[in-house]
């Protein structure tokens, strides 16, 4: 989609405008700028609300991702440094977001914590997708005993409350970033499976699948070239929404205290710590982790919802 | 443009319907003027995208937003004689009009009937919506009466749509349309989803009911055989405009507009020994932001320069009309 | 002329879902013992209304669905016994054109990819050669400018264009037999003539044989050499085009011909249409399937199945009356 290329161009320009102090010299020739802005405003007119939601989502997610890649731009403190500042220091010029009970800069913990939560959430979602999608494709297409067995298994897992399942796995596997990732991913495998299986069942009946058989394509080829490309659009949307959910799950797990060793900054854990000190009037330890979790999850949700409008191939022009 | 001496039941004047889209406006119907005379069957013929279905829906203001009428009027003269502009009617008046004065049947009988409602209840609802004081028993009696005219046994009243065949469902549709004795019936591709023998039976039935119920019928169809059989006059639409309007004989034997001629030449006739079908090259026009020109010009074998720069108007030539620069004086 | 396709006693039954097993199971008799052959280079029309089994027969012929019983021969070889690999090779030689071009093309494949895919599957030529072959085929079916349309997606094409893509895809491997399942039913009136002419020209140019499935007898008359009329899974009449249209024998054929709408206001209106509608294919009437609706029905008609007999000069009819 050519429009996406110009879209990317337009957005990079926007990001540059937002980053006060960002030292990115991204050269765009004037014609490229005009084209990008043109495509941007055309798309804005076309999709209205959904467009702005998508833009908002991209901005939020983009910002936080940027933060994970270049943390030094946002904070000069080490998140684990207990001598960074006074204990339980309120937000001040020296520490914008205050310090926690161990003297660590809250702002730094927010910045570096993003890596943890984002890393786990994305890795878990990817893993779920990598397992759930092929299984869904094969199951939906085969339709025989294999489908029945897999559906049974997946439906059982799916009917389990996600958080409890994650807790069970996390407790079983023990602490560690990889283990937490595995625990979270198990929860979402059925999501991809069911989605892809449902789509496959539908697409299987389409005339173009029959046509593919008529020209001699083998089942594996049909799955790869005819079914999968038509399923992928919905999957991409779900992927983003899934990450939002995985963020919440990971935060919940570490809030409970499962999974992550102490040395790794984590918003969920900070949230849990902050709760303890709230009664004594220390509001900054709990507010910022909570806000960040919410912001990140919201960002991915908006990204997913916005994408779902855009990527629908049979979009009505009205 | 109505003929003198003939009463019109519907007078469409300068009607335009447009849909805004991201890159401009789709002019689905443009400057259509069309009289419908009492007691006739008017065929509205054209291919997909010509605007005939949109035109049909607009008579009962059934168009879905963002499509909206951008100009013109539709004057309805009912049995009581008063003339009203349908486009100026409020919601309440429209609800009253639909079903009681003007009724419409659609293409797909499968989706037009509510699968959860029995046949009898369909009729009862149709009646009670307009005549709320009618008791259920009386409504069912009336339904039975009309089923007789439709050739359907009254035991079908207790059945549900899924138990009926396609042809029967379509007949139920006509029944529902006529139960309140409207004077105008709009039929939008009523036989497209039917098998050919069922279609022939349906056509016979429709003609019989027209006589019996003293109806005027506007038949919207792309099936030239169907309109040849049923229609008295035919309006050929192309690119949102009326290309030609004439009696059915004139349209088929002496077409004026090159598009009409092209259509006649490319439809196979089972009674003839046709070695060759003359096909029209190209495809129907894009109705987005059209330039002033004849919409058929790109495909017309007789296109002249004026055809590509000025839009021809529908001009009357002694009882029949055509929108073509071949006949209109270019001033 | 040798027969390129021969179908013998083809039967296809579908179980009705949820109707139990064994004796109580209800079966849809979609194709009920159908036999015919198609000569090389001819166009055989298979005409009928819904439920006639014509589409199913077409798919059986190229083994897109498996017959319940019966024999299908392609150039004398029994294709039912073909193993997957031979079947795959067969697909390069026998092809199908579908009814709805928008549904028979994957929305995610460009025109070039869709048309070129059969070449890819059968390993014909290398990449560069394939691209040229696809472009050549596109021009042959009237898709031009070919390079421009090569990259387009189905939703960007008109109905006529997308049907041409379907035709190009079917013909790109140079098959000799093509089953066309109502190829113009979804097209606009003015486009139909174009597609019909295209099919006819391509047939002559590429030496094709067609099975033309349709519910529209008028187009069958235009394109076909011989026409078979099907009713409720059986062939009720089979004759050369001129014979069938001028001297129809079977009452159902007569009814069908009488019911076809004529684009001529002065033409006769149909009279004496058969009563009722097409019965279900699960419990068809005994004997001749058409007898409950037939004006000429006699007691013998509800007896055994009437055979498809030659009533003179190769004109076959399944009506026992004269």
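Each chain gets a letter, A, B and C, in the order it is written, and its residues are counted from 1.
Quick note on the criterion: a contact is a pair of C-beta atoms (placed from the backbone, for glycine too) under 8 Å apart; a residue touches a chain by one contact, two chains touch by 3 or more.
What you see is a predicted model, and the numbers here were worked out from it, not measured in a lab.
When you average the Cα atoms of each chain and compare centres, the chain farthest from chain C turns out to be A. Highest inter-chain contact count (C-beta pairs) belongs to B-C. Centroids built from CA atoms put chain C at 32 Å from chain B. Chain A and chain C have Cα centroids lying 50 Å from one another. Chain A meets chain C in the complex at residues 206-208, 210-218, 221, 225-226, 229-230, 313-314. Chain contact summary for the complex, chain C toward chain B: residues 49-50, 158-161, 188-194, 196-197, 215-219, 221-222, 245, 255-267, 269-270, 273-274, 277-278.
Remark: chain B residues 47-48, 165-168, 195-201, 203-204, 222-226, 228-229, 231, 248-249, 252, 262-264, 266-271, 274, 277-281, 283-284 touch chain C in the complex. The touching residues of chain C, when paired with chain A in their complex, are 62, 64, 87-88, 90-92, 95-96, 98-100, 103-109, 117-118, 121-122, 155, 166, 169-170, 173.
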